[in-house]
Structure formats: structure tokens, C-alpha cells
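Structure first, commentary second.
We just call them A, B, C and D in the order they show up, numbering each chain from 1.
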């Protein structure tokens, strides 16, 4: 009973904000809380965003950019984690390096990437390349700078999560596998990778969700069209035309639904592969 | 030797981007890479930001808002984690609730908080309050909505980190303390809190750093003046006046330095209290 | 400062468990006494301690400390202390503060609590270790600190939950000496849970044998192996010899012949199994007139400095453990001496056993 | 399929350690033999296995498998398999895939590897358990799976690192039977590391006693307790009786009198300690002409079904372990029979011991 009471101060704010966010956001997107006019349950806002031709491209861009960045972050993060496990001295330096990217805010990272990779950036200048020879990473058609920024920042996170999630006895399991005849690559494939998988799935899902939801990076480094979901929602929400606000919330609901779907998929993956506590 | 080679693909991008970011960002803020004119090492950009009267208020606002939000998130997150530990059934629901806030992007959370707490928001309307009776949380002098948004989102993170960092044998240590005569509160104070401290410090530092570096939330929910560091840096960086770009980088360097200082302080705290592996 | 402890028909079934962990258990521990609860893993031993400590509550029955029910009294107000298999030291406190924890919780000022802690560290032969972190101590040292911490709380009842089973044999012997020493000095009431017969007999005044949540027998420690009251107990205590037959007028009649038993008054007459420990059978020449039976050596296995000998007899295989230096070869014919006072007779009606000596597949060791 | 194993003057010192973990160790294990490396914790036993397995490399000396040096050969190509104290099963694989891991790594197709795995699961008496996850098995079952996994790799050398010390006594006995059975069936070369004398004597053909990284004695398992070559070894094996004096013409002369020894040829003449195990001393009447000495009962302690008796004699305290049913009281006068073949004489020059039987404070159990 007492433990239940202790729960209250913790439960109340979470439930209120989460519930309010989803319920009222959903309600407004469904026309139940119009800025002007009578409330009526309808999908008008959703239809309007679809009709504007912005929604599908936005979903495509968001998913593609987040997916590419997450894939890159997982690959680099996993390699980092494995390298840290494998070597002691190098490991510490690397761990410190990975951790040191955490205090750099995305907006600063994005700015730096922009300065580094833009057509007129430091890197092409350093390499002495002409404008044509350098790929259009910043504001280019392939969202290269956006993907790189997320991948750079999240790969450190992936490495740290994978390292933390690898059980304390991983080294012993690797020794056991070696003694049973598994060479370096077989050990990595059959022991280390499966053991790292829960960490990879968790970090990957969080990374993907973050990349879908965040908007300063695409705004700074991406193109103005097509807009990713977060930028689209932000533009509609801050529009002076108050009648598009339900559309902003409709986009937000789609973003949250997409993130929740990825989160549930990750949970499903984690359930399917039981991990020793 | 082979393990060292494995390190390369992981080390190179981290070093390049981190190094480039810090070195070149630092260089440009120090006048070594001017957009126009000759390079010269000087503190002109820093002096200019200080002279503009924007820097000190920005630091004050950033630190205050991030500090208040982090303190709130730590309190709520710790309470949540303890409640989860204490009760099994309630614990699962609560854990799920806390985890479910993760897929909601900050920009969506900020929008929802705005809709909920603004003068003309849903909550005052729901409570039937007049405009004067409702505190100016959104865009108000106390940055209430910004603090609440961060606290709401980060408290779930704090709870999850604290739960994960509490050792598997915490329950047994609590039982041991009980048998030795420690009541409920004594157990919380002498056993649980010290054991949760590393998790609290880690989560608190990450939370603080995030709040200092992120800029969509203050932009959506804060006042236009004084600007926090991230907003100031962003405004200067995207300014059409290219000569203020060194100032933008100076602000970014200050932000990163502040974040790094907090990170180092956290590391120091973690070192001072040895934790059982 | 010491109190008696009673379990009165206490039962506890865990949700989802097919059988009760402890079933209608009644056990009396007099103030200042040490009782060992002895049983295989999964027999409910730890549940007994958790019920006394208040970390668990019986579904039925009563728990009494100093003749007063403690149902509803939380662990911290039961005046107990416990040492578990793992030391469970508080990792964020120094060794000294770990030991001073109990006194501090009972309101002793910090300085005095620490002074008391120093004394208890001396008692467990770890003087001057107070400033170290628990993690820097060896396993045996940590377990001593756990013992000091429990004693420093000056408990009316000290609960020991297999406290030495994770230690090396030599460390374990050290700890046994230490406990005997501390018992003489402080005389706490002790309930010790163990699966080690020797430890039970060594440290306790009496031994309660618990199998499958049921109290099988409660005997004085010195007489632990003398009179098992069932084949279950006999087998659990490691006795290998069982000869079915029947008892008449205090003698046992079987394929082995007629053997004098420990019950000359005939109280065990009827269908009965003769049980005799392998340590009690002496081997002699086949033509020795003192021999009760003869047999043929089947196999020998080293048992420490001694040898376990399997002998084929008219009543099947019998086992004898013989002293160092005696060498037997396969097929040697020997005489077996079965001392009458070691021949226990167990009425067949009490044969409630299914497994035990049979090389059964291991049971999951739930607690 | 089985190979001999040799350590040739192998040394290994860990960085920061004050003394070598293993010091100039030479040990020969013939193909198909089982050698137990017996020693207290921290004696370097595990290092020996790691050196053979290739998980560690000697600073000096050579490691040879099948008469070929394996220095520079990685663990996966040494044709070995190992079972440790904890089962170390791969948590993400089924039990069957764990057992099939070895065959698969040596290139056997998955289906055949699994069929082989089924056979080995049958061998360890776990048929049909293949589809389960390791975490759902009991500790004893997991350890059997670990054994099956090691055997399925068809190693030329099987390394066992205290594989049963985390198990209950009854599970341990089951595992001992299983290993004996598997040895008869598969005849692998076995190096077993243990701190348990009985386990060493039971499972191995010969026993190498390792103390402080140095090989003290390497004897046939059946003769493990017969002729300790130093007081260090005698004490480590648990012998409690030491009588200083000197040996002349095969007899030992001391405060106890003149005693016939196991060395009638006088090979051990000179200043020497008489060593006799407590299991070997028989107690009799004080006036028994067979008694070598008399003494007065000082104290009795239960030792399982037997009793350890301390007897005050002219040569100080002596210990005897007597069979069940013999009861002695403080002050009783008894005769002691010391069988000549059990009286070992150790020249005093070999007294290189410092601690051992003294109740020393526990040593940190580093590996």
C-alpha cells in the first residue's frame, strides 16, 4: 500500500503530460479542438496534409535519413565497441573519445559539419577542390551532411550502449569459444555479435527515433524541399495561419506513431531473443 | 597489432569530426579563419559577444533553465525508479509509461506543452481560469514551460538510467539493512540513495548537457530575450551578416566548454565514490 | 539479550510453486542454543530463515521470538541479524561503517558505533581493516566482516544462511573455529541453515533435518548419525547400506543372517530394513569368529585417506569405509563385523522414499 | 585422438604480482591419462590450464601437445576443450547448439553437428534437453551440458578447471560418476585442476600437488596420502600429527618413544619428523600390549559419523579419527596404535614450511 502511494508523485506528471500530449494532440488533429469553428470528429487535417503533397515525401525523407544515419552509427559504434573490448590501452582512449562527443550539442555539431563539408567549406578548401569536384553534401539531394552529423553523434552513443550491454562474462565466453575451435572471425560472428545484438537494437531504435524527431540538423544542413516530418510539423505549427495548426498536429501524430512503431519493433526483436540476465 | 588495426575505421571518423569541429570551430572563433580579411589570432569575436551584452544573460538563462529542469528530472526520475523497485505490478506499468515518453521527439513534446500550458492553452481553459489567474509559463519570465518540458522528458530517462545502474543485488542489500535494524527511510537514505548516486550523476550530467545544447524547446516555449546560448548561437550562425559568424562560433565554443565542464565534474564525482563493479 | 525462537505449524507456499516451500513446520530453539536446519538444496531451508527474519510471512502458523508472536513486526524491529552465503557488504561504505551500521541504526552515536565496530573487527581477527573498502578484501575476509556486522547489531537471534559454503575448505575450517569461539564468548541464539552434515554437527547443539519442506527429525548434534528415523533421513545423511528383512525380539533377520541390533528391547519388531553406516562396518578375516557375515570384494574407491570397499554378500552389495593402509583386491573374501549398537532398524512402513541414493538427475536448486 | 601434454620448465609471472603464478613447472601427462593438479586457491592451478589452452603464454619454458611445441599456436588450433567452474554456456544458443558448437567450428555441417550433439547430450544423461535455453536448466544440468559441449569437440586434451566445486555434494557425486563413465568410454587425455583431495584421488590416475606455483610432488592417485615428501604436502593433505625427533635404522625416536616406521631400510635416517594421519591411528585400551603409546583424551569433535579425538601424550597433542559408536570423555586414558606402514618420516631439512596448519588469516584467492 505504502509503496503504491510512493508511486503517485512519479506517476502523475508522466501520465498528465503524456496523456495530455497524445489525447489533446490527437484530438486537435482530429478536428475536436479547432482554433475557429465547431468541434467535429474528422480526418480533415490528415487529408489536408496528404493533399498538400508534403506528407509522403516527408515520411520518405525522414525514414531514409534516419535509417541511413542509424545504419552508419550502428556499424561504426559496433566496430568501436569491439575494438574497445579487444584492446585495453586503445580501448581507454577510444572510450574517452566516444564519450567526449556527448557534450557537443547537435546544433553545434551540425554547424561544424556545415562549416566542414559545405561547397565552400573547410574540407574542400583544404583539399584544394573546385566547386564541381566536391559532392553537394550540405543542402544536397542526398542529405549527406545530415546523415553524417547524426551518424557521427549517435555512433558514440551506440558504442557506449553496446559496451554497457555486453555481459561481464563476455570475455570468458570468447575464451570458451576459442578453446572449442572458433577462430577470430567465427568468435565475432557467433558469440560477440549475437551478444551485442540487444544493445544494438536498443541503441539503434533510440537513435532512429531521435533522428526522426529532431529538426535542427535537417534545418541547418538539409534542403528546404522536401521537408522531413519534424521540419514540416514545426513550419506548420509556427505558421501565422492558425487554421493549419491541426495539420501540424496531424504531422506530429504521424511522427510519434512512426517512432512508436520503431520502438515496438525493437521491443519485439528484444523479446524474441531471450538474453541471460 | 590486429586489434589496433580494427580500431582504425572506428577512430578515424570520430577523430576527424571531433577534431575538426573543435579545432576549426575554435580557430574561426579566434579569428584564424575569417570569412573576409586576413587571419589573425585574437579574441575579437569573444569580445564582440560580451560587448553585445548577450553572452552573460545567455549563460545565466541556459544554466538556470538546464539546472532547474535537471533538478526536477532527477527528483521525479529517482522517485519513479524507487517506486518501480518497491512494487512489482505498479513497477511494470510505470516502467512502460516512462519508456513510452522516449519516442516522443522534443519538438512534439514542446508543441504539446505549449498547447497545454499557454495563456490560451487547454489547461487554463479546462480549469476555466481567466488570463490573469494563469501564470505565464509559456514565453514567461520564469521559463516555466521550457523547464517543465525538459523535466518531463528527462525524468523518464533518469528513471531508466537509475534503474539500470542499480546493481542486481540491491534488493538483497536492502533486506540485509532491514534485518540489521534499518527502517524504510533509513534504508532509502543509507543504502538506496548512495547506490543510485552514480546513475543520478550520469543521467543528471547528460540531461543538463542536453538541455544546454538543445534549442528547439526554448525557441518554441521561451522568451525572445534574453536568449539562451543555443538560440543565440543559432541566430548568429544563420544571420545574413557573415561577419558575425566568428561570434556564433565563439558562443558555440562557450557552450561546449560549459558542457564539458559539467561532464568533467560528473566524472570527478563518479571517481570520488568508488562503485563495486 | 538472547531470545528463544519458535516456528509453530508454519507453512509457506510460493505463488506458482507446485508444493509448499515449508509445510506445517514446528521448531523450538531455546535462548542461547544453536540449531542447525539441515537439508538438501530446495528443501525450504532458506524460507525458514526468511520467515524468522520477517523477510517473508507464513501463510499459516505463527513465528515467535522470546515467546511473543512477531507476525506483523517488520524485520528491522525483530532484534535479529543474518549472515548469508554471499557477504552482501554495503559497497559504498568502509568496512568499519559496514560493521557500525547495526549500532547506528539502533541509535548509538556515530563515534561510539565505530568504536564498537572496531571491537567486533578485532573479534573476527580483522583488526585495523576498518578503513578499507569491502571490494578490496578477499572472499573469506568479506565473510568475516559480514559476521562482525551481524554480531555488532547485538541481535537476540543470529541467523546464518549457508554462510560458509562459498569458501575454500581451509577458510571454512577457519570460520568454523571462529564461530565456535564467538559462541562461547557471546552466546547468541543461532539458527544455522546448511546442506553440510559435518558443519551442522560441528556448530550446532541440535540438528533439524528438513526435506521437501517437512521436518523429518530433530536430534542432538552429537547423535546426528545414530538413529535415523526413516530411510529418507538415513540416505540423506549418506548411509549406503540397507538390508530388507524383519526384526524380531531385537534382532534383524534377513538374507544376511540374524544380526543383533541397537534395539534389544524389540521395540522395532516387524518388517524392517537394517541400516548400518559404511564407516561402522569393520572388515576382518573371513574365518574370524567375530564376523557377522562374509563377502567378496567387488570394487574399491578412494575416499580421502580411506578406501570405500564394495562387498558382494548374500544380501547384495554392502559398503564399508576402511582405514588407510588396508588394501583389498577384486575377489578377496573378507568377514564383515556389524557392531550391534550401530545396527539401526527402520520399520518398512516408514519407507516413504522415492529417490535419494539412486543417481537421479539433479533437481533445480530453487530457494 | 588423444595426445600427451607436457609443460617443460614453464614459468609465468603476472605484471604487478609479487611472485610467479607458476614457477619452472615441468609436468608430463601421457596420452589417455588423467592427471589432477591439486593445490589450494591461489597456487597457480588455473594458470597451468590457461597455459595449456593457449589463453596465456609462458614467460619461459615450453608447452608441448603430442610432443610438438604449441607456443604460437592459438587456442582454437590446439585441439583442446575446457570445462570451467561456471558452465559458461552461450546464452543466445539452445542447449543443442551449444553442444554442436565444437563440431561446427571444425567444419562439420550443421545437421550432422546437431546429430553428434544429441549423442553427447545422451552421454551426459540429458536426452531431449537440446531445445531448451541454457538459462532454464539447473546448475548441475548446465555443468553437464558444458561437459557434453567439451566432449563433442572431440578434443585430444580435455581441461577441467574445478568443474564441480560450485555444485552440491550430491550433484558433485553424480558428476564424478559421470566423468568416470565417460573416461572409460572415450579415454581423452585429462588435466583436472581442483582443490579437493578426494576429487583428485577419485578421478585422476596421478596427482600433481602444486603449492605457491611450484610442483611439490607428483604421485599415483592411489598412493596420494601414503608418502608425503614434505611437511608442506602433508599439511596440505590435512594430516594433523607431527612428532619431531630423529630416525635411526628405520625407527623414529622421540618423546613418544621408539616407533617402527614405513622405512625399515633406514633410508630416512637423521633428524626427522614422524607424520601419521589421524585416520590411521587406532585407539585401544591403555593396557593393550599392541599400543605404541598412551595418552589422555583432551577433546572430541564430530567429523561426520566419526569423531575426531585429541589426545594429550608425552609428545604433545595427537589426533585420531575414530569410527561411529566409540564415545570418549575428557580425561579418559587410552592406548594409541600407530601402524608401522602408516608412519611416514620426513627429514627435518625439508621443513620449508611457514604457514599451513596454523589458523592463519585467509589468503586472498587470486587466480
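The rule we apply is simple: contacts are C-beta pairs under 8 Å (C-beta built on N, C-alpha and C of every residue); 3 or more make two chains touch, one makes a residue touch a chain.
The structure presented is a predicted model; accordingly, all values stated were derived computationally and were not measured.
Novice: Both chain A and chain C are touched by which chains?
Specialist: Output, common partners of chain A and chain C: B, D.
Novice: Which chains, taken as a pair, are joined by the highest number of C-beta contacts?
Specialist: Result of the pairwise contact count: A-B comes out on top.
Novice: What whole-number Å value describes the gap between the mean CA coordinates of chain C and chain D?
Specialist: Averaging C-alpha atoms per chain gives centres 25 Å apart.
Novice: Find the geometric centre of each of chain A and chain D from their Cα atoms only, then give the gap between the two centres in Å, rounded to an integer.
Specialist: Measuring from centre to centre gives 56 Å for this pair.
Novice: Using mean CA coordinates as chain centres, what's the chain A-chain B distance in Å?
Specialist: Computed value for the inter-centroid distance: 17 Å.
Novice: Taking each chain's centre as its mean C-alpha position, how far apart are chain B and chain D in Å?
Specialist: 58
Novice: Return the residues of chain C touching two or more other chains; collapse runs of consecutive numbers into ranges.
Specialist: none
Novice: Please list all residues of chain A that touch 2 or more other chains.
Specialist: 277 - these are the residues of chain A that touch more than one other chain.
Novice: Specify the contact topology among the chains shown, as one of line, ring, star, complete or other.
Specialist: ring
Novice: Please list each pair of chains that are touching.
Specialist: A-B, A-D, B-C, C-D
Novice: Touching residues of chain A toward chain B in the complex: what are they?
Specialist: Interface residues on chain A, with respect to chain B: 2-4, 6-7, 9-11, 13-15, 17-18, 20-21, 24-25, 28, 33, 76, 79-80, 82-83, 86-87, 90, 94, 97-109, 111-113, 115-116, 122-123, 148, 151-152, 155-156, 159, 168, 184, 206, 209-210, 212-216, 220, 230, 233-234, 237-238, 248-249, 252, 255-256, 259-260, 262-263, 277.
Novice: Using the touch rule from the top, collect the residues of chain D that touch chain C in their complex.
Specialist: Residues 40-41, 125-126, 137-141, 168-171, 174, 177, 195-198, 201-202, 221-222, 224-226, 237-238, 277, 279-280, 282, 301-306, 323-325, 339, 341-342, 359-365.
Novice: Which residues of chain C touch chain B once you look at their complex with the stated criterion?
Specialist: Touching chain B from chain C are residues 53-55, 74-78, 80-82, 84, 86, 88, 90-93, 101-102, 105-106, 133-135, 149-150, 153, 159.
Novice: Under the stated contact criterion, what part of chain A meets chain D in this complex?
Specialist: Touching chain D from chain A are residues 167, 169, 172-173, 175-183, 186, 190-191, 194-195, 197, 273-277.
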